[in-house]
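What follows is a pair of complexes built around chain A, which joins chain B in one and chain C in the other.
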Partner chain A sequence: MWKKVYEWLDERLGLNDMYTNLLDRPEPKGNWWNTLGSASLFLFVLQGLTGIFLTVYYTPSPDHAYDSVQYIMEGVAFGWLIRGIHHWGATLMVIVVFIHLLRVFITASFKFPRELTWLIGIGLFLATLGMGFTGYLLPWNQKAYWATTVGTQIAGSVPFIGEFILKALRGGPDLSALTLQRFFSAHIWIIPAVLAGLIGVHLFLIIKHGESHFPTKED
Partner chain B sequence: MSGSNELSRRDFIKVTTGIVGGLIGVALGLPSVSYLIDPALREGGKDAWISIGKFEDMQIDRPYPFSFTRVQVNGWERTSSSFGGYAVRKSDDPKDLLILNSRCTHLACNVNWSDESDAFLCPCHDAKFSKDGKVLDGPPPRPLDVYDEFRLSEDGQIEIFFKAG
Partner chain C sequence: MNEETKKKINARYEKELNKGERFWPDSIFKDVVVSLGIFILLVLLASFVGVAPEPKADPSDTSYIPRPEWYFLFLFKFLALYGQIPLLGKIEWLATVLIPGIAVGVLTLLPFIEKSPDRHYAKRALSISVMTIMVVGIILLTLMSEIPTVSADGSKLLGLLQAAAGLAIPGVAMIVLFIASFTGRQTNPRFFIWTTGLTVVSMIIISGMVMNLHTPPAVEETEVANTVVDQIFAGQDLYSVHCTECHGDDGSVAVIEGVEGLEGEKITPINSHDVLYTITDSAMYEVIAYGRPNAGMTPFGKAYGGELSRSEIDYIVTYMRYMWDDRFEIPAEALKPLFPPLAEGEVPSYEVHIQPIVKRYCISCHRAGKENNNYLMTSYEEILTTGDNAANNIIAGDENSYLLQVIQEHAIMNPEKPAEELIGVMPPNRALKPNIVDVFIRWIMNGMPQTAIDAAALFTIPTPEATTTP
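For the complex of A and B:
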């Protein structure tokens, strides 16, 4: 019975082909450093899930953000776990993505035909940092407030257009409800959408080109 | 699989990935469900005795309106809800009171006493209740609810027992 259902689906979706191409594709001899991309992907999914759960209670408004985070930590069953994973996962993801970038650089895997994979990777790294930057403000505590004050001030020191950048980031000259709201929007909608799109192309390219061999003495 | 009974390296990886993935799924999935439904499992606010007015101010056979609010902490916010009703005094005996909840038993609008119609009228779907709470007209399925636990305090106040939730 299940076999029939599976065959029906396979004929239309090509499940077997997908399986071979996605999960059973040939790989060159590698080592644990090659797993960091998949680790990044896993962390992205984990952050996505725990983040979605956090929005069930979190409120992006200056008069409730802090209290709602407090409520998640102390009032809801397993709130500490969900927030804990999201909190530590964020730092871990930046580290893992960065080491993945380093490994690709060190093994010179960014060369033809993988330049685009590399460039998109740079975009992924920057977007990951953006997630960290925007997420840090959301608890709306002292550390978050001042970190964002400083962070946006630094962005504001760009010559000529600095002031505009600062105002665009803050939604005005000062840190306010508008800042919190736009950081929230960036953190849960805009940057994740960018990340998801870039990851899609990144993975497509990896499957298309296959993994690179590590360079040997002859190279 | 070279025809032997031993697990091949590939199958070993498949099985371990499945098991580890399943464990992570359960370890995260169960707490997540608990996290999502937690507010539904909470008790409401606290029960309390609430005074609704002096017994001597209530006239016999004239519904005496009262209202009160209860504040409840919901998550990170305090929500206050209003309640109200009518005390209908029958005699000089403070036990001889009928204390009606003004929440319409149809869809929870507030009924008001009307001297003209000598009835409680509901503005929402034109329901009509008699002075002792019986349905006279309209869609409500049952008579008005009654606060049946009440007492006379030392300073002459009528207090009702309010059950949360």
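For the complex of A and C:
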């Protein structure tokens, strides 16, 4: 019975091809440092899942953001766990992605033919920082408010266009409801979409070129 | 890169593949192990460390020291150190835009900057050395981010040491490495290892010194109430300190007494339907933050020069709603008695009984900056020793102690001018409940024990006749 279903699906989806092309690939002798990329991917997915849950209760307005987060922590069953995972996951993701970048750097895996993988990777790194930066404001507490105040100030110090960047980020001269709305939309739609797209290309390139081997004296 | 090198690289990779492993199951197995480990770590962090509670955002609270997210801390420290450099330090955008911009730019274009096909570590000594110094610098700057560049006594030593560890040493080391490698005189990896090693070690030692020299100031803990019950308690404490003097401990005062400048002022009791049903939470917040300056209620919000933060005012509003508004049902836990009831013969202590009572009923007037005959009641010592009439206020074992008299509605008359009150009844606006008066009497009659242990030692077991058990 199952065999039949499998064959039917295989005919239409090409499951066997997928198996040989995606999973049954040869790889150079692996190393634990090579797990960091998939760990980044895992964290991205986990952040996505916990994040979706949080948006069910979260309200992006200065009047209600704080209370809605408080409610998630106190009123929702296992809300504290989900928020805790999302909170620490964000920190861990920055660390893991950064160490992944370092390992790729140290093993010189960014060289021919993987230059494009590296370029996309930098995009991923910056987008990950962007996720952290925009997410930090959302609880609308003292730490968040002031961190974002100084963070956007820095962006405002760019010569000539600083003023414009500052206003674009804050949606006005000061932090306001508009800022929160903007950061919320960047945090749940814009940056995740960018990240997902870039990750797709990143993974495609990795499968195409295969995992690089650890350099030896010969390289 | 010419075709031949490319072919060589591909051939070399083929060779590695042949003696390698399979993606499934070999690599995936490791990936799953690591991801699972991360997941477990996250669940543990969420369960046992949790998310630190923070008060609500308060744009008016300019005293809050702004700090960026932890992974930008190093950049802020870098800016602060860079700002110390004479002349150049004044051009802010060099450090905020140019240097980080160059760093990200170089990192992005790395594959096109480091063009040689060499991959082995020994052949990439320059890149790896520079990256190591940068990463160590970033970590150290992050660790030192809390330490000021000018210490409390005005000494700039800390700042100079930080600049040495975070800017000067790594900067010089990188320049040396670049020069050595581009003039082509040094290709021996040993040279790079030694230079990098020494740089990193000296950076770590100096940063360690900085962290040892710096004694962090005691941080003022901001309490954050998470549950409704905690918020009610926090609101109750704040209300007792700030509002009781005019509105009474239960909001029922209709005529203010004992408050300078407002004596006899008629007000609407704030526990009445009139107030609670007509004023919404946000309007209530505004009343407390902005006060009623025309009527005599001073502003309490930090934005208007008061002492209360946004969260604190919210707690007071929560307290008022749950306590007095009959549309709200107060959680049972919030109805905990102020102090444990006393058994017969039991002696109350400062810690367990007097302190919470004083906090609720007396402190709003008996603290610094209020009119109170200089009688402060914020600690055990103060209660016993301060006040214009300190000698007579509390006398162990004497029921004529002024304090006991005034709380039992006997004003103390001025011995020199018998028609004049020396001390009015306390609290001025409303008599204390008999059980609270009883606590004060037992406490003073038994010599004012401070701790629960001292008080327990004075417990006199009631004589058998007194208890009539059937």
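Simple rule for what comes next: the second predicted complex is superposed on the first by the 219 of 219 C-alpha atoms of A that agree within 3 Å, B and C clash if a C-alpha of one lies under 4 Å from a C-alpha of the other, contacts with A are read in each partner's own complex, and residues count from 1 in each chain.
Keep this in mind: contacts are C-beta pairs under 8 Å (C-beta built on N, C-alpha and C of every residue); 3 or more make two chains touch, one makes a residue touch a chain.
Please read all numbers here as calculations on a predicted model, not as lab measurements.
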Ask   = Is A:Lys208 contacted by the first partner chain B, the second partner chain C, both or neither?
value = neither
Message = Tell me the contact category for A:Val94 with respect to chain B and chain C: first, second, both or neither.
response = second
Message = Looking at A:Leu81 after the superposition, I want to know if it touches chain B, chain C, both of them or none. Which is it: first, second, both, neither?
response = both
Ask   = Of the partners chain B and chain C, which touch A:Val56 in the superposed model: first, second, both, neither?
value = first
If touched residues of chain A are counted for chain B and for chain C, the larger one = C
Task = May I ask you to decide whether A:Gln70 touches chain B, chain C, both, or neither, giving the answer as first, second, both or neither?
result = both
Message = Is A:Asn34 touching anything from chain B or chain C once the two structures are fitted on A? First, second, both or neither.
response = second
Inquiry  = Just to be sure I follow: which residues of chain A are touched by chain B in one complex and then by chain C in the other one?
reply    = 70, 81, 85
Message = List the residues on chain A that touch chain B in their complex, please.
response = 49, 53, 56-57, 59, 64, 67-68, 70-71, 75-79, 81-82, 85
Key: Footprint of chain C on chain A - complex, ascending   = 22-30, 32, 34-36, 38-39, 42-43, 46, 62-63, 66, 70, 73-74, 80-81, 83-85, 87-89, 91-92, 94, 96, 102, 105-108, 110-115, 118-119, 122, 126, 129, 132-133, 136, 139-147, 149-151, 154, 157-159, 162, 174-175, 210-213, 215-219
Key: In the complex with chain A, residue positions of chain C that touch it   = 1, 5-6, 9-10, 12-13, 16-24, 26-28, 30-31, 33-35, 38-39, 41-43, 45-47, 49-51, 54-59, 61, 64-72, 75-76, 79, 92-93, 96-97, 104, 107-108, 110-112, 114, 117-124, 127-128, 131, 135, 222, 226-228, 282
Remark   = Per the touch rule above, chain B residues touching chain A in the complex are 28, 31-32, 34-36, 38-39, 75-77
